[in-house]
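Consider the two complexes below, in which chain A is the common component and chain B and chain C are the respective partners.
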Partner chain A sequence: MSVLDQLLVFAFMTGAVASFIGDRRFAGTLLAILYFGQFLLLVKLAPLGYGAQPVVSAWQPALFGEVLVWRMDALGWYFALITVVAGWLVTWYASGEWGQGYRERGGNLGLMHTAVAANVVAMLLLLSSGNLLSLFVGWELVSWAGFLLMVMNGRESGGVSGPAGLRYITYATLGAMALLAALAIAHHASGSFEYIDLIDAVDQMTGPTRVSLVIAFALAFTIKMGLLPFHLWQAPAYAYSPGPGGAFLGAISSRVGLWGLAMVFGSLIGIGRIAGIELIPGWFDLRDVFMWVAALTIVLPTFTALRQNDARLLLAWHGIGQGGYMLLGLAAGDALGTGGGLMHVLNHASYQAPLFLAVFAVMHRTGTSDLNRLGGLVARMPLTFLVMLIGIIGLAGLPPMNGFVSKYLVYISLLRQGEPLLFILAVIGTLGTVLSVFKLLHNTFLGQLRVEHMEVREAPWSMLIPMLLMASVVVVTGTAPGLVLDWVASAQAALGLPVLDHTLGGAAGLDMLWVSGVLVYGFAVGTLLFLSGNKSRRVHQFDNYAGGHFLTAENQYQYSDQFYAGLMHHIGGWYRASFTWAESVVIASVDAMSAAANGFFRRTQAVFLLLLATLGSVAWLLWGVGS
Partner chain B sequence: MSTTHLLIELVLMPLVAFVVGLAMLLMLRKIGARLQRRVGPPLLQPLFDVIKLYSKRTQVSHGLLHEAGIVVAVGAYVAIETLVPVPGMNGIAEKGGLILLSYLMMVPSLGLALGVGQCANPNGSIGLSRAMTAMLAYDIPFMLVVFGVAWQFQTTNLVELVAVQQAGGIATWGIVENPLLAIAGLFGLQAMLGKQPFEIYVAPAEIATGPMVEMGGKFLGGLFVMQSFQFYTAGVLYTTMFLGGGENWFTFLIKIFVVVAIPLSVAFMFPRYRTEDMVRLVWKWPVILALLGLVVAVQ
Partner chain C sequence: MNDFPLPVRAERSNPLARVFDELIDFCRARSMFMLHYCTGCGAIELPPAMTSRFDMERLGIQPMVTPRQADILLITGYVSIKTLKRVILTYEQMGSPKYVIGICSCTVNGGMYWQSYATAKKLNEYLPVDVYIAGCMPRPEAVIEGLRKLMGEIKAGRANSWERYFREYDRYLAAQQNLFGPNWQTPTDIIGEARDYQLYGPGTEGRHTELLQQHQVPLQPLRMTLHSDVEKSS
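Up next, the complex of A and B:
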């Protein structure tokens, strides 16, 4: 039994424990310990992150003569590490007061724990899949495990989560069909489900076959990633999942799509071959399509996020936008771009999860995530504020947090390849994110504290510790990105991509150790300068300039609704909901087709159809016998 | 370079920036005075102002974050000054570069925004919303300019950027090689410094000076210091990108003062634009210029 087997068995056990005793009071703590066990087993597999050979599972069940293989390489290990840590910390978060509160509000805590554990198992199975067949099995498990987590929150979300989950599973089914098609093409070309045979067969394929293989794979993986134009399902599905579950989904779940694309761009087909498929010869190839899809995925969902008034939806929309940076880097294809894209997966998980959890901590204390009904909470929940502050600096991609480093690598890659338009779209996405996350922080924690929140307390330690742990990852890997870049470089090597040349402080002329160092130095100087001034006196929030009026508890003295009115005055008309419209057109046409078919088959022409079907079968039989 | 040498530079670079920045603030007020036929303040007035603000008896704080915000706003600029090369001193400029600097320059504004946010005054928050919008507006042409310069010189390293331009003489300066980018950059500078016509976020008569509404004493003093750093940094960055950096302190000071004098002079001739008009203006002319410049650069 290899370590990989131990890990998978342990993950199954965690799931089993969750499903049997998940609703008990102590279950959360026990499960958190079990996840920590999985984490330790992954630590045991850590040589994978530093260039060791893949670990193969001893268990290889056969299915109709085809063998299912599980094998974990550097790329799978990197994603699995993020998955297990996310699962561990969100379960810890749910283990104390949050879980109790959830149960009191009528939520099924045991089911939530089971769903999270099922997601972790499914993702581990997928990430360690060793051939196309186990890939498909893992893919389906991940899809349905995610669905479970999305639809179980009906009561808490006011009935919104159900439709959102159904919309997701519709998209996911489309993706699964595409993956099945890809498998069929691959098997037809190579005669087996092994990766290695497919890699050999790709060279022999005709042009159209190769294009359809790329498109089928890409369709499956981009739908899961929520890339344009398949992004509509994601934000509501993640936002209305039960708190810690939503944080888990937002942090890592959809990134398995990127994992798949990395396999396609790396080992399976190769970015060079994809760039060789020219759509307008010499001008625009298939790789450019991916890059432009990625760039638009950065910009459009980010500016959709800017308009949200619910903190959960705002974050979920940003999750879609951040996926664009990952794909943009990956499709750039060089060591810098793919390194940045892969690193962004860990970075994104490390700030997105605590951001979601911080929002749910605020909801736990105040009962709302409506950005127009909050404000001033920094005075009551300072540590939660700190978590959100670190998270938004990471999400916005400003130094010295880790989000900046991965985006920096992508920017430099675009710069070196001479792609000004893609570069500026990536920058616009970052600027839009800065605006949007500042609104999130301001409307939640800054400004005037509302009268009904005067007595609010800080979130309990059972929620704070996991959040702070994740936030510390954002700071540590921002200061010493080399820690993660080691793993990323191994993943690149496993994929056959060019390997990023890096140091502990960064790559491509950036040394974050120094940058963070001088920032600390600067803040120390700033503090000394501040303290050199005369001593200040704290005043109450009502002791404020109000144009001659006296402020009292009755006054709402806060600016939060339509936060960027001036900007929206200019760009508001550019929001056209075209994708929602397009989706509704597709739904309407499918509806019409099924109604027509229903009428045709079942009512109007039943006898005629029976005759037609009988004739057809007879003809087929005769031909079949004849040939 | 020895460690002692580096440590001296880390102390000296922010200090020089502070002194030169204060002189630029003096220049701002002198230009305004001359245009309005006044004499203007004496030489040391900016320094006296800082000392006065820091030593005032009334120092009103709205909470820890209000104080921390001012510390971040000033402190981040102290850090930034060690990342921009000046004659004879490179500090740690080799560890960062143009892209890092473009993003690092948002950190002081973030600090200010946090500080203003805790003041719980809607005038301040409205000012922040407008300042953020302005940032979204001017950073688009500015980053196009950054891309163009980096592409033209095939580097984002500021030390190399200066070295290449100084080795080739005036003919290789950014402003000669690509005047379109230089003009677009100057346009962006005007908005970045938040001077008229782009100072809607302050709008004293409408929102009571916006972000500054609850600031007094050393809090306002901190913002004063921050602004002097901001003038200096903008001048140095523009000089590094387009005017060949500084061969020596004499030419370097002339260049950065001229660069900063342009937007400051323009400022006194304009009223202010509304937010949406500002966005429209900045997304039109400098972006067009920068894109044309990019075409020239990539050719």
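Up next, the complex of A and C:
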């Protein structure tokens, strides 16, 4: 029994424990310990992150003559580490007061623990899949485990989570069908489900087969990632999941799509071959499509996030936008870009999870995540504020947090490859992120404390410690990104991508040890100046300037509604429900197709439809012969 | 121009202190943030004074958006009773040293609103005013001239009338209560600040501050805390 087997068995055991005793009072603590056990087993697998050979599972069941292979390589280990740590910390978060509160509000705590554990198991199975068949099994498990977590919060979300989850599973089924199609194409071309055979077979494929394969894989994985134009399901589905579950989903769940794309871009098909598929010869190829989709995925969802008034939705929309950075880096294809893209997965998880948890801590204490009904909580929840502050600096991609490092690598890669427009889009996305995360922080914690929140207390330690641990990851890996870049370089090597040349302080001329050092010294100088100056006087929050207005408890000074009124005056007109419209177009065309099929089978316009189908097939075949 | 005598700066025994005082006064005179409280028509002369033609920034004077960071409170035009309450609130929120400039005849003596029942006539009855710039309206040259005069006074160490508000608070409060009624109050604790600046004098407290303290609700600052039961806020 290899360590991988132990890990999978341990994860199954955690799930079993969660499903049997998940609703007991001590269950959260026990589960957190079990997750920590999984984490220790992953630490035992740590040589994978430093270039060791993949670990193969002894458990290889056969199914109709095909073998399901489980094998964990450096890439899988990297993602698995993020998954298990996220699962561990969110379960810890739910183990104390939050879990009791959830149960008192009528939530099924046992089911939530089970769902999180099921997600972790499913993702571990997927990430350690060793051939296409086990990949498909893992993929379906991840989809359904995510669905379970999304739809279980119906009562607390006011009935919103159910439809959101159904929408997700519709999209996910489409993705699974696409993956099945990709498997069929791959099996047809190579005669087996092994990765190695597929890699060999890709060279012999005709153009259309290869395009079909890329499109089928890409469809499956981009839907899970929530890339444009398949992003509409993600924000409500994640935002209305039960607190820790939502944090887990937002942190890592949709990144398995990126994991899949990394396999496709890296080992299975290769970014070079994808770049060889020219749509407009000499000017625009399939790789450019991925890069532009990624860049638009950065910009549009980020500015949608800017408009949200619910903190959870705001964060969930950012999760979609941050996926764009990862894909943009990955599609850039060089050592810097893929390194930045893969590193962004860990970075994103490390700040998105504590941000979600901080929002849920505020909800736990105040009962709302409506950004127009909060404010001034820094005086009552200073540690939660600290967590959110670190998180949003990371999310905005500013030094000295880790989000800066990965975004920097992606930027440099784009500049070196001569992609100024994509670079500008990425920077615009960052600008939108800065604006909207400031809105999040300001409307929740800054400004004036409301009368009804005067007696609010800081979140309990059972919630604070996991949040602070995650926030410390943001700071530590921001100061010493080389810790993560070691694993990223091993993942790149496992994928057959160019390997990032890096130091402890960073790569591409960036040394975060210096940057963080300078910032710390700057703060130290500022602190000395502050301490050496005159004594400051604290004043009451109503002793504040509001254009000369007298402030009272009934009439406070707090901007929150229409936070960026001036900006919205300029760009507000660009927000149209165009994607909702596009979705309805897809639905209408599916309707039309089914009507056509109906007509075909009932022979109402049989000859005409047969003619159309024949023409289409002939055109496809001719293209295949021609290339 | 003031009804009250100017306070005199105490002699310093340390000869170096004088050097530092002069240096500080020089720096103060050369970098001033101005909060303009534009109440009436005189405001129209400020944009040319601030922008490229007359350019008050070459003198080191810039607009500022909050009173906490501002040095000059510049009041243009007539001050109605309702406005005056806001002006006093704003003035009290400024950190010392602070200077007040009244622009236009209305701030000097009510101007064309002399017979109005709703307008405060003399601004310096309610606040210590450093410089008046008369005229209806004064041209930008006159505004700049007034600012230069204030700069000269600061540099010479004579622009100390803000200290008077702390030393003679009872008399200013008397005028304010006379106009606004006995229930008048602002959130700022002037007497505490007078002690803080070591400007507490025999005129700081009196009959009128007693009246104020009878109904004033003290506002405790909001402290950062992990457990709110440590402090029951007002």
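Simple rule for what comes next: the second predicted complex is superposed on the first by the 582 of 627 C-alpha atoms of A that agree within 3 Å, B and C clash if a C-alpha of one lies under 4 Å from a C-alpha of the other, contacts with A are read in each partner's own complex, and residues count from 1 in each chain.
Throughout what follows, contacts are C-beta pairs under 8 Å (C-beta built on N, C-alpha and C of every residue); 3 or more make two chains touch, one makes a residue touch a chain.
This structure is a prediction, so every number in the text was calculated from the model and none was measured.
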* Just from the overlay, do chain B and chain C fit on chain A, or is there a clash? -> clash
* Asked: If you stack the two complexes on chain A, which partner ends up touching A:533: first (chain B), second (chain C), both, or neither?
  -> first
* Asked: Touching A:105, do we find chain B (first), chain C (second), both, or neither?
  -> neither
* **Which of chain B and chain C A:25 touches, first, second, both or neither** => neither
* In the superposed arrangement, which partner chain does A:412 touch: chain B (first), chain C (second), both, or neither? -> first
* To do: Would you sort A:155 into first (chain B), second (chain C), both or neither based on which partner it touches?
  => neither
* When both complexes are superposed, which of chain B and chain C contacts more residues belonging to chain A? -> B
* **Which of chain B and chain C A:188 touches, first, second, both or neither** => neither
* Now for A:548: first (chain B), second (chain C), both, or neither, which partner does it touch? -> second
* **Contacts of A:435 with chain B and chain C, given as first, second, both or neither** => first
* Should A:449 be classified as contacting the first partner (chain B), the second (chain C), both, or neither? -> both
* Determine where on chain A the residues touched by chain B overlap those touched by chain C, and list them. => 376, 378-379, 382, 449, 537-539, 541, 543-545, 547
* Asked: What does chain A use to touch chain C in their complex?
  -> 376, 378-380, 382-383, 449, 454-458, 537-545, 547-551
* **Touch list for chain A against partner chain B, complex** => 376, 378-379, 382, 385, 389, 393, 397-399, 404, 408, 411-412, 415, 418, 420, 423-424, 427-428, 430-432, 434-435, 438, 441-442, 445-449, 505, 509-511, 514-515, 518-519, 521-527, 529-530, 532-539, 541, 543-547, 557-560, 563-567, 569-571
* Asked: In the complex of these two chains, what residues of chain B are touching chain A?
  -> 10, 14, 53-57, 59-65, 67, 70-80, 82-83, 92, 94-97, 99-100, 103-104, 106-107, 110, 113-114, 117-123, 125-126, 128-130, 132-133, 135-136, 139-140, 143-144, 147-148, 150-151, 156-157, 200, 208, 213-214, 217-219, 221-222, 225, 274-276, 279-280, 294, 298
* **Complex contacts: residues of chain C adjacent to chain A** => 37, 66-68, 83, 85-87, 89-90, 93, 187-188, 193, 196, 219-229, 233
